[in-house]
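The data blocks that follow each hold one structure.
What follows is a pair of complexes built around chain A, which joins chain B in one and chain C in the other.
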Partner chain A sequence: MDDSNVPSFELGDALATRCGNTLTGVFLPGSRIALSAYRHVTHSSRDAPTETAGQDPVLVYLAQESTLFDEPVLRSVLAESNATFATLQQLGLRATRAEYVKLSRVYRSIVRACLEKLEQAKKSPEVQTDEARLRRFTDAIMVFYAAECLWHLFEILYIQNNQLVVPQLLDWARFHSSQAEDRATDLLLMAEEASESDNYWSILKSLIMLGVIDVTRAILSQNRKAGQPAFKAAELILKSMPVYQEGYALQKFHSQWEYWHVDTERKIQTGLFATEPELEQILRLVTGNNEQWDAAIKESKDCYEYLPGYLLFTKPTCKPFELRIAASNWLNRWHLLRPEKEQTSINRMIAQLMDHDIRLFIYEAQKLNDTHWFSTHLIDLIHHCGQLKSYFDQNNIDLPALRHSMIYEYGSYLMTSHNLWQLGFDYLDCCKQEGQAAIELLLPRITLRSERQATKLINLARQRGLKGVEQEICKVLSKRSYDAERYGNALEWAIRSKDLLLVTAVADFILKHYSRTGNMLCPDTIANVGGRMFISPRLVFLSKYYEFYEFYRTRDFMSASELLVNLLQSRITPDYFWPSLLIDAMPLLESKDQTILAKETVAILHHVETELVPIIERDVSKYGKHHTETVFKDYRVENVDEILNLMRLACARNLARALITENTMPVA
Partner chain B sequence: MFDVEPIIADHKDVIHDVVFDYYGRRMATCSSDQTVKIWDEDGQGKWNVTSSWKAHSGSIWRVSWAHPEFGQVVATCSFDRTASVWEEVIGEKVSSTNAPTRRWTRRTTLVDSRTSVTDVEFAPKYLGLLLATASADGIIRIYEAPDIMNLSQWPVQHEIANKLPLSCLSWNTSTYMVTQLLAAGSDEAATPTGKVFLFAYSENARKCVKIETVNDITDPVTDVAFAPNAGRTFHMLAVASKDLYIVNLRGVTDATGISKLDIQTIKFSEHNCPVWRVCWNMLATMLISTGDDGCVRLWRMNYNRQWRCAAVLKAEGSGPTYEPAPPTPTLATTASATAKFYKKGTIGNQVPWH
Partner chain C sequence: MSLANVSTHYISEKVARVRWLPEQLQQSERFVTGSWDMDRNFVRLWRLQANQYATATESDNVDQTPRCMDKVAMEDDVTAIEFVDNDTLAVSCADGHLSVLNVQRAVEEDQIQRMARSGRLHCFQRSQESAPCTDLSVYGTDIATAGEDGCVNIVSVANVRQVKRTIEADSMALFSICYVSQQELVTANRMGVIRLLDARVATEAQPKTTFTVASQDDKSSNFVSSLATHPMQQHILLCGSEEGSITVWDLRNLNYPASYLSAHQSPINEIGFHRKDPTKLFTAAEGGEVWMWSENKVLGGDSNKNGLSPWLSGDRVRSLVDVEGVLSNIRKAINSFDVHGSRLVCGGDTEAVYLVDHIA
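Right, the complex of A and B next:
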């Protein structure tokens, strides 16, 4: 498409207009664009307030292509068509035509059901009073009405692909001008009274032009004058009109129809209906009389409404390829008679379908205000049923690529839309590795409103084997909990993320907090870490230390000291925690009942000398001898130096005691 | 047809950058008025400013959000020769009933540059918490926060000097073929040499080095942007220069077994004037370019993988001009002033995809 076809939109921003008309835009997740006035600067620009400073309000415009799908009623269309789409993918490329027609009808019935719901909802007081919603409903009805109408016609011409099209076209026309049938029902209910009704004849005419013969006959038979010869003759003509049925020999039907046609014209000419001019007009319509039809066209509202009826009375065996000529003749005639009428886009699209101009039809279909719902699903169906393959080949359109691209766009639109993201998967799933990559990019960007939603997203990611996405969501939640000072949660999500750095960072924070304040954060979470502790050595240390802390708290000093010695030996103690760990040993060393053996006491002393002393020395060299700020803090001591002497003393005392008890123990 | 919601930014001077967070629910704006503002979208889709502070003592050129797994962190860069990192923290609880207030605190000021810092961008998360800055004296600096729980330390990891002043940079988020790939552009106008440079981590040199110059683009470059990679086997870089360019980078291995980048440059002259800014959408199926012709152009890749201009948004025009009725606009007036871009037609006013 050349530049003149590019739609352009105007914003009208005062500031942008003032500073050289420049506007800039950035994309946001969710197919939105943020626009703002732009002023260019270069690396050498002088930095001073611009001359426009303070003159115009500075604005950011958030632009979003309008969508109808904010209405819950319409969202159900998306959900239901998603299911149908999935069924169609399972059906594949080799199903019978009947199956594709069935699915095409399912799509249409979704739209019809939705139209009904829309009409009902539109009448409700809450919509009636809300102007914006009312307009949205009106728009939606217009759009989906058009979608159904076009889909129906498409189905008749290109999916069913019957030999003869007139019967189906009549159905199509009847559905889309239901008004006439409603009024006919009224007439039927009025029985004999109907004859006096003002628009009696005009309704009958429109029924005939829609090709609804049975109902017309029923209404005529209720007429007060139904017993008169003119009416009886008319009834006979209409009753005897040959109707083509599937399987009929075409030649035989033709001669029957010709005979009936000539016979009817002859009857009219003999003046059989001269007493009933209105009835005569109806019969003239039935014979395809040009004058009568011209008059009728002048009255009609819509261009294509009566085309099928006209074909029924003039060319009942019209084949799809003949429709093209019939339709363009009809269109020319209509325009000649109604030059004031402007061609609406829906009529243009109907013309394109009848004219077999699918390429233009698809282009126009994308302009429907339905976020490409119609075009995407229809192209997918076209691709599957394969009828138009040669058409696309001849016109040099790569149908699989077009379908792929449409589905990809539609799926990513759904996935980036608030509330609709769950519907996007099925579409992106049929876009091969590109679709998978898109899911991988879009899934983690869905706003995490609650942990429940996060769990849902994680499950989805896991089902698809997207480990990175799962990890990313856990890490975001961990950091979020950490920032909100919910440390138990932060640890839990960090563990679920299995990220070594993050788990270590959170465990470090908890340990440092403990050594500074003596407060163990989130004991419940730590108690439940269990086997998952092996993600990070720091977490192992935290869990084990917590175990010790619990033994100590419950006064199980034997187990406590055993665990403490193990911890000291384990070589996973972080540097900053040595003072705290050794101070913890002190009461155990000094306790009345001896809990630490001689050998272990030596080990403790060894650690004091090999771990704590170097740390203190390093600290001193870094911050100076009398600096109160040390890297290693414990809530129980002012200065780390103090504990050195206390520790040495405690160890010595316990060692002495232990040596005595151990060596004087009775031999068992 | 577009629905447009105007937001009164309340900046005292022109905005230089509007950037959204990872989820598109928070917005950061920066301006020549030396302030940064943070905006949050509420449940009804309305944007409210939640923080606003004077961040620098010069115009603020660019803002960048860190990935949310590093918390709520933004970086800013300014004419005042510094870049800063800011983190949102919970403030003092005012009362037990109210939610705790949140405020942004400065974590660090990066003062290494001797000239205006023209661009700043956080690296993709697979590299950790990394930040790159470009400055007018042509130096790219890459900083790293080694401790993600403590953002006050940002040692310089790499420093790459270039001969030309730099105006912009962009990280490649994809790890396909090359890791730590970074592009920078120069808006220097005097020399007729290539103005887009590519940098990557070199295993041999153990540091970031310049690996390529895009020689096809010799006009001043004002913006570069790597496209997000959704399953592509090549990288796309959009360049705003005298025209709009899309540079495709493919990794190839030549006969001697040395792998290098094959550079293919496509030029789009629709703007007919200099292009200032470029921005990709999330899946790189659309591109926005800002031109000096007063037009924002939306580009879309069609099903044949060709880039086509799909829509034009104009600054000027009689459209739904937004004029605040009272002399000092308040937030309440914006809420009701939702305007629409209209396009003629009844049911057919969507931008066609193909």
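Right, the complex of A and C next:
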């Protein structure tokens, strides 16, 4: 997490080492970088192949940002915080402070729940045996522990914004050094025996320094010597310690506290506790004796562990603005006594928070290895609760813009990581146009695993009015089905895409396939196109032709011939289908029972002469007289021009027959 | 519904299906979930346990939390789960296979394990790639699966490796399948076309009975995402569709749909009656809603007496059936739900399961 240990990567393959192990990279969508070997070429270098060209394989490496969230346990943090984030957006900017505090606690409880799950999972045998995973878990626990600790402190200082910080800070310190509590519980359970245990007094000291007075008292009262005057006096002192409560007159409290303080010091000086040196040390701690606290600091692990306790005994009514001075004094003191201890980044961040240096804090928060989960959600919360608005204004930080860019980055990250895409929408949705544009770009990039998933994506696109994305997904699936020779599926996706050209192309294919082979592809789909046919005139033709085909198949010749004539007249017949359509008319013209009237026969003849003849002529002029490869083919005839004469003959015969029957009809 | 108590449990998995374990005499305390779109997909067995963090003071306490007892890794997305008997469940997968899993109930640690896995039931003819199996339906010991390749396969639970019958039902991807009776199946495809199939005969001899789901706009496609039949009156078929509406068909009269109700604003992912109380219907939608439809006893009269279900009463359905929201404002898809007794469990793309107590 420090600037010094930025992850580095080198290629080191044969080709790269030859050019001095240099590399070049290209950013790919989804926080990936494609890396390959590189040789520096300038305008003055000679444009010739190197001597070693072609000897080594060119390898392209994909470098990807590693994230903690590959671990399934951690996904719940993302999913749950996503829901909380959405709640916060709905809450808006004008809610009461209590509501923001509640949401802040929800965020923290998410992290705590996750920490617990992580601890549990870490103990499981499948993680214990896998070293890489174990390390990942340890990392994750560290990161989220830090996140919770910092969030908690932030909540106390800047979201709750109470005038009294010491009690909350005590809670904070107590939560983050839970070991002392655990050991105290052990002591309590041991009852009287506890007095003999080796670390009895050291535990009591740490409890006092954490400000846990009640528990200390309980343990002391179980001591074997509890009946002795020294213990009784100590109990009395601890019991009578004034605790400031909100609404209490500050002046009055101060005088009480002063009195109690002086009284306790006096008692210690009179040697009341001389028989119990350990007990005396504890009481000296309580009076804020510098010597004792210095000694304690030397023992402590973490510099902020005992600060709240120290404040409790020296400055119980500390205000947030006074904390700044107290904290920096404490820090200086700590460093003076423990110069060998290096400051960790979490301590640095705690210092920044206490020092009211939010800007640096945010900067550091972004360096946590949690793909900006912490900083994004925290900044969003800061923005909403509006507590720090004046701070950001004074420091010339555009908070809305900062929040916007953080959320945008985080949302894009989620959208591009392969199975977190659903969570990304909420973040990008609140980024106005940029978010919309990002969704538009990233949505079609999500791999389509199944049609069900595709329909989910389409639904999401439709909700946002992204017609283009919807169309693109449908088109991809249509093409995919087409390649798999699933024409019914392809046709339906094409209809869904509402793309005129695509629908026409698929319908064309089906018609051409029919005129070549006489097989109708996917009849079940065409039969059910219904009102959707009006997307493309070609589809209308296909549907209507299919209707004709069905009439013909079921030997309903009257309806068939009527529909056929309609189709001929409709002007939507594609050029290549004329021969097939006219050949279809032939059996109807030649049928025993007359089905086509004189007027319609003339129309058919007209079409033969005006549509089919020009086509054939154009064909002849293109391919020569004895062309074998015509564009227009029908499975029923070898050569298209053969049918011309047959058609003319059939029309003439039917016309003759029709004229006679029609004109000899009895007049009603 | 004021008594309904919803608790949310994040499980780090997108839930494709969720089912209660069948229990005859008591409220079921175990359920199974199947995940989708994860690096590794699992069928997990959960059991409700007393919440160890419950505090006596807070009013909005969660009494029970699910704990994962056991899991079975699946090869691909889980698409459907259905129980065949009390301990056996059929799981269909997006790699075109069907698995039979077995649950062993125990006092301490329940177990779930795979008993058998079918051959590849669904694949695309040309590319010979696996086609996702999209849904399954169980009748007795028969399991029917539907796939994106448009085929329907029927296998027996005792021997899933042997396919009893394959029907090439459709040239389009099938989205849902449902047994109407031992012999009759209905399938629905992406265009909203519902087909009645005969489980006894081969593809060529299939009856050509089709009907289309109703839609607000007949110019756009409206797929049927879920089918359900009435548990007592099996001729009543309810279809949940893409536009969020419910079309009810009376299978004795296929000329026109019996009723049409516009409901959700997003596709209905699952529709189903309460297992024991057929006066209640539930729907779960992509938009993150679960609704309960209950027959209005006062207005509808006793439906069992006159044999006329309010679902078949056309435009009057709205006045005979009350709708109430069980869950809303989840914002992401609820993919599946199941009701047992007075408890509903549902899950979806929020990677959480929701437990709702005291349903009605």
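Here is the rule we use: the second predicted complex is superposed on the first by the 627 of 668 C-alpha atoms of A that agree within 3 Å, B and C clash if a C-alpha of one lies under 4 Å from a C-alpha of the other, contacts with A are read in each partner's own complex, and residues count from 1 in each chain.
Note that in this section a contact is a pair of C-beta atoms (placed from the backbone, for glycine too) under 8 Å apart; a residue touches a chain by one contact, two chains touch by 3 or more.
Everything quoted here is computed from the prediction, not taken from an experiment.
*Asks:* For A:Q64, decide between first (touching chain B), second (touching chain C), both and neither.
*Replies:* So A:Q64 only meets chain B here.
*Asks:* Mind working out whether A:N663 is in touch with chain B, chain C, both or neither, as first, second, both or neither?
*Replies:* In the superposed model, A:N663 contacts neither chain B nor chain C.
*Asks:* Per the contact definition in the header, classify A:S390: touching chain B only (first), chain C only (second), both, or neither.
*Replies:* A:S390 contacts neither chain B nor chain C.
*Asks:* Touching A:E364, do we find chain B (first), chain C (second), both, or neither?
*Replies:* First partner only, chain B.
*Asks:* Tell me the contact category for A:E80 with respect to chain B and chain C: first, second, both or neither.
*Replies:* second
*Asks:* Kindly classify A:R486 by the partners it touches after superposition: chain B alone (first), chain C alone (second), both, or neither?
*Replies:* The second partner, chain C, only.
*Asks:* Is A:F509 in contact with chain B, with chain C, with both, or with neither (first, second, both, neither)?
*Replies:* first
*Asks:* Taking the superposition on A as described, I'd like to know which of chain B and chain C A:G54 touches: first, second, both or neither.
*Replies:* It touches chain B, and chain C stays clear.
*Asks:* As a test of reading the superposition: which chain, chain B or chain C, is in touch with more residues of chain A?
*Replies:* Higher number of touched chain A residues: B.
*Asks:* Across the two complexes, what residues of chain A are contacted by chain B and by chain C?
*Replies:* In the superposed arrangement, which is not itself an observed complex, chain A uses residues 484-485 for both chain B and chain C.
*Asks:* Which of the residues in chain B end up touching chain A in this complex?
*Replies:* 1-16, 18-20, 22-25, 27, 29, 31-33, 47, 58-59, 61, 68-72, 79, 88-90, 115-116, 118, 125, 136, 147-149, 165-167, 186-188, 220, 222, 228-231, 270, 276-277, 279-283, 285-286, 288, 290-296, 298, 301-304, 308-324, 329, 340-343, 345-354
*Asks:* Under the definition above, what is the set of chain A residues touching chain C in their complex?
*Replies:* Residue list for chain A touching chain C: 70, 72-76, 79-80, 82-83, 86, 113, 419, 422, 426, 449-453, 455-456, 459, 463, 484-489, 492, 495-496, 521-522, 524-525, 527-528, 530-532, 534-535.
*Asks:* Where on chain C does chain A make contact in their complex?
*Replies:* Interface residues on the chain C side: 10-14, 37-39, 77, 79, 94, 124-127, 129, 132, 134, 148-150, 170-173, 175, 190-191, 193, 210, 212, 218-221, 223, 225, 242, 266-267, 286, 331-333, 349-352.
*Asks:* So in the complex, which bits of chain A are touching chain B?
*Replies:* 1, 3, 6-17, 19-44, 47, 49-50, 52-54, 57-66, 139, 142-143, 146, 344-346, 362-364, 366-372, 375, 398, 401-402, 404-406, 408-409, 412, 416, 433-434, 436-438, 440-442, 445-448, 472, 475-476, 478-480, 482-485, 501-502, 505, 508-509
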